[in-house]
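Order of writing sets the labels: A, B, C and D. Residues in every chain begin at 1.
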Amino acid sequence: MKILFLIFAAITLGSAFMVVTTKKMIHAAFWLITTLFGVAALYALLNAGFMAMVQIVVYVGAIAILFIFAIMLTRKEMLDSAAPLNKNWGIAALFSLLSFAGLYTLLRNWTGFSNEAPELAAGVDTITELGTALVTPDAYLLPFEVASVLLLAALIGAVYVANDAKNQQEAEK
Amino acid sequence: MIPISWYLILAAALFSIGLFGVLARKNAVAILLGVELMLNAVNINLVTFWRYNAPETVTGQVFAIIVFAVAAAEVAVGLALIISIYRNRNTIVADDLDMMKW
Amino acid sequence: MEFWKDPINTIFASMMESFTSGGMSDVLARVLIYLIGILLFVTFAMVLDIFLVWIERKVVARFQDRLGPNRIGPFGIFQPFADIVKLLIKEDITPVGADVVMFNLAPIFSMMSVLLLWAIMPFAPNMFGVDLNVGMLYLVAAGSIGTLSVIMAGWASNNKYALLGAFRTVAQMVSYEIPMVAALLVVTLLAGTMGAVGIVGAQEGVSFFWLSPLAFLIFLISAIAELGRSPFDLNEAESEIVAGFHTEYTGMKFGLFYAGELLHSFTFGGFIALLFFGGHRLFGLENLFPTPIWGALIFIGKAIFFYWVIMWIKYTVPRIRVDHMLAFNWKFLTPLAFILLMVTALVGRLFLESAWLVPALFISNILLAWLTVEYLKSHARKEREKEEASKQSATLAEQH
Amino acid sequence: MQNPWMYVGLFVLVGLLIPVAAIAIGAILGPKKPNAIKQSTYECGIETVGDNWVQFKAQYYIFALVFLVFDVETVFLFPWAVSLNKLPLFAVFEGIIFILILLAGLVYAWKKGMLEWV
């Protein structure tokens, strides 16, 4: 178990590092996909099979595809951008190291820092419970419906903005 | 078995890498990639806490699913904006986007 | 006798015993046995794949009034082996400027996405890889790995046509994933579980085809689109974009794409059989022999039948245009699939545990289909009238 | 170690190994005589012009966008569908409202003319 965790953690962190440093945007997108697979494997290790599948369906199947399309649409720019990082990258690195150190010390002082996972109760179907929780008014009915409204807002907003881009493209012709 | 700390440290590291990406990358799409890494780190934390602290309830998973929805919405609108800006100003270098400056 | 009732688990138990008696740890023994089992299983899939090539070529020949391969072996059955030898000894060409790593990874991912589907395929009771409680989502997830492989192939080839083909394919695959997921949601709703084994078990009395014939049609259409077979073979429209995303692939890498497509078709045939036609059941014939191997044979027979249906459609219908393909999905199939989902949820819940469940669902499906057809008819009539009116006004303007 | 995902993980491993082996055998058995013409990208027999840069329609992005939204929606709907038979009747209506809100988005994109290919 520990070995598996270390392998997946190394994949996740290594490819995440490549995402933020690699030069070609399309490679960054593919490294992101590797990271996402690593995270999905970690979910599977945590017995959260539903989350692992959702991770692949939503992130790899949809969000990564959207990223690749966007990169392809704006690619002309990418070909000649020499340095991937801006001039403040030193400060940024310091900042993120500090944030990691801060998070680490915070966690260190937490009492439950080295807790082990409790045994999962046998015969509990997480998905049924999840479905029940999502539509029970005392539980998460409101977030469930609000999520739908959020997605609707995102769709309308993005379509509105992209419509602009489409008209622009037609005007150029 | 794996103690909870391993997952939390992994999530913290992933979050920091994502933060670095957001702060240091030039390309606006790359900045969004960094944001995705940060959201993933959050999700790892949520699922970890679900597994280690409250596996009998599903709160952590519900939260994580909502984070998925938020990430999707954020990417959809963010990338649409970037494409629109690219069409209008022919650049997606974040530092050049200073139309709100004076 | 015990062996025939549950062959897989019997072999597993005996192997487990012999492995652990040699002092091996329990976990390691389990991993090893799984590995051996999976290797045999995947090898079986690949051998089946070889015969699918033969079936495909033979059937298409019959559709086109030809003989098909008939030189090597009886009925040309060894033709695919000759094909494999040919593919293996071909030169492996990587085009200039290609991204070598991704160029090689793409066909591997393509094949893997198909093989992964076999992990959850329940051939018969006690004869399946694993029963995941998120089976249907797993099906979608494996499909998204396939999409990924297409984009990788198209981008890494450094070829305009490959990239164009890849983008078309991805647009098509992601679009048709939505009605497919909606059809899967209908099945999930009816079965009350996402696991493949649970879905087959829920069809004990009556197959889901009778509960939701529309969902079956939607699933069939979107499966064909997902496979990229005619009429949805825009990804390799030879007359327009050479061969689509695998233009630059030669030798075994091309072979993997090709074999992957055939195996994918067969796999979807199997999924149609298990989602809508009761898996290993065949009018009680499955009880003829008390062994799951017989059930597995029935299942494979059904899968080949639906594979043949997909082939039949492929060689009958011409390719449709890209704008029609997308309009058909977003303006017709997706709304219809979601309306069907809502209707099924409502009717299925209202008639839950009543004897009227099956007829109510069947009638509501037929009603919905009839309404759709009527609506389309009136819509088409209106469009035609509009067109004629504009034509008339145009001719009038010309006369003046 | 009763985690079913162990089996899936092993399946991924084998599923990767078999095609890799096929390609490796092909690479060993096949000849290797590269030359510049052979390795140039194929463009219907004429010489290759430029790199693979082509201007893509913004339309591709729109379809991916609508797909993304519906894909996330289905993630919410799967747990709902699984547990529906055990829930009271109003849960059905909650799901229907959820779907209707998203279909409204599709109708909006449709009316805006965003689902047209041209």
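Just so it is clear, a residue touches a chain if its C-beta (ideal position, glycine included) is under 8 Å from a C-beta of that chain, and two chains touch if they have at least 3 such contacts.
All figures in this text were calculated on a predicted structure; none of them were measured in a lab.
Engineer: Report the chain closest to the protein's overall CA mean, measuring from each chain's own CA mean.
Structural biologist: That would be D.
Engineer: Please tell me the distance, in whole Å, between the geometric centres of chain C and chain D computed from their C-alpha atoms.
Structural biologist: Their C-alpha centroids are separated by 14 Å.
Engineer: So the centre of each chain is just the mean of its C-alpha atoms; given that, what is the distance between chain A and chain B in Å?
Structural biologist: Taking the average C-alpha coordinate of chain A and of chain B, the gap between them is 5 Å.
Engineer: Quick check: how many Å separate the C-alpha centres of chain B and chain D?
Structural biologist: 21
Engineer: How many angstrom between the C-alpha centroids of chain C and chain A?
Structural biologist: Here chain A and chain C have centroids separated by 28 Å.
Engineer: Multi-chain contacts only, two chains or more: what residues does chain D have there?
Structural biologist: Only 4, 8, 56, 58, 60-61, 64-69, 71-72, 74-76, 78, 81-84, 86, 95 qualify.
Engineer: For chain B, jot down the residues that touch at least 2 other chains.
Structural biologist: In chain B, residues 65, 68-69, 72, 75-76, 79-80, 83, 87 touch at least two other chains, as defined above.
Engineer: Where in chain C do residues touch two or more of the other chains?
Structural biologist: 132, 134, 137-138, 140, 167, 170, 174, 177, 194 - these are the residues of chain C that touch more than one other chain.
Engineer: Would you identify the shape of the chain contact graph, picking one of line, ring, star, complete or other?
Structural biologist: The chain contacts form none of line, ring, star or complete graph.
Engineer: Contact residues on chain B for chain A in the complex?
Structural biologist: 1-10, 12-21, 23-27, 29-30, 32-34, 36-37, 40, 43-44, 47-48, 50-53, 55-56, 58-59, 61-62, 64-66, 68-77, 79-84, 86-88, 90-95
Engineer: In the complex formed with chain B, which residues of chain D make contact?
Structural biologist: So the residues of chain D touching chain B come out as 58, 61, 65, 68-69, 71-72, 75-76.
Engineer: Quick check: in the complex, which residue numbers of chain D touch chain C?
Structural biologist: Touch list, chain D to chain C: 1, 4, 6-8, 10-16, 18-20, 22-23, 25-27, 29-34, 36, 38-44, 51-52, 54, 56, 60, 63-64, 66-67, 70-71, 74-75, 77-78, 81-86, 89, 92, 95-96, 99-100, 103, 106, 110, 115-118.
Engineer: Would you pull the chain D residues touching chain A in the complex into a rising list?
Structural biologist: Residues in contact with chain A: 3-5, 8-9, 53, 56-62, 64-69, 71-76, 78-84, 86-87, 91, 94-95, 97-98, 101-102, 104-105, 108-109, 112, 114.
Engineer: List the residues on chain A that touch chain C in their complex, please.
Structural biologist: 26, 30, 33, 49-50, 53-54, 56-57, 60-62, 64-65, 68-69, 72, 125-127
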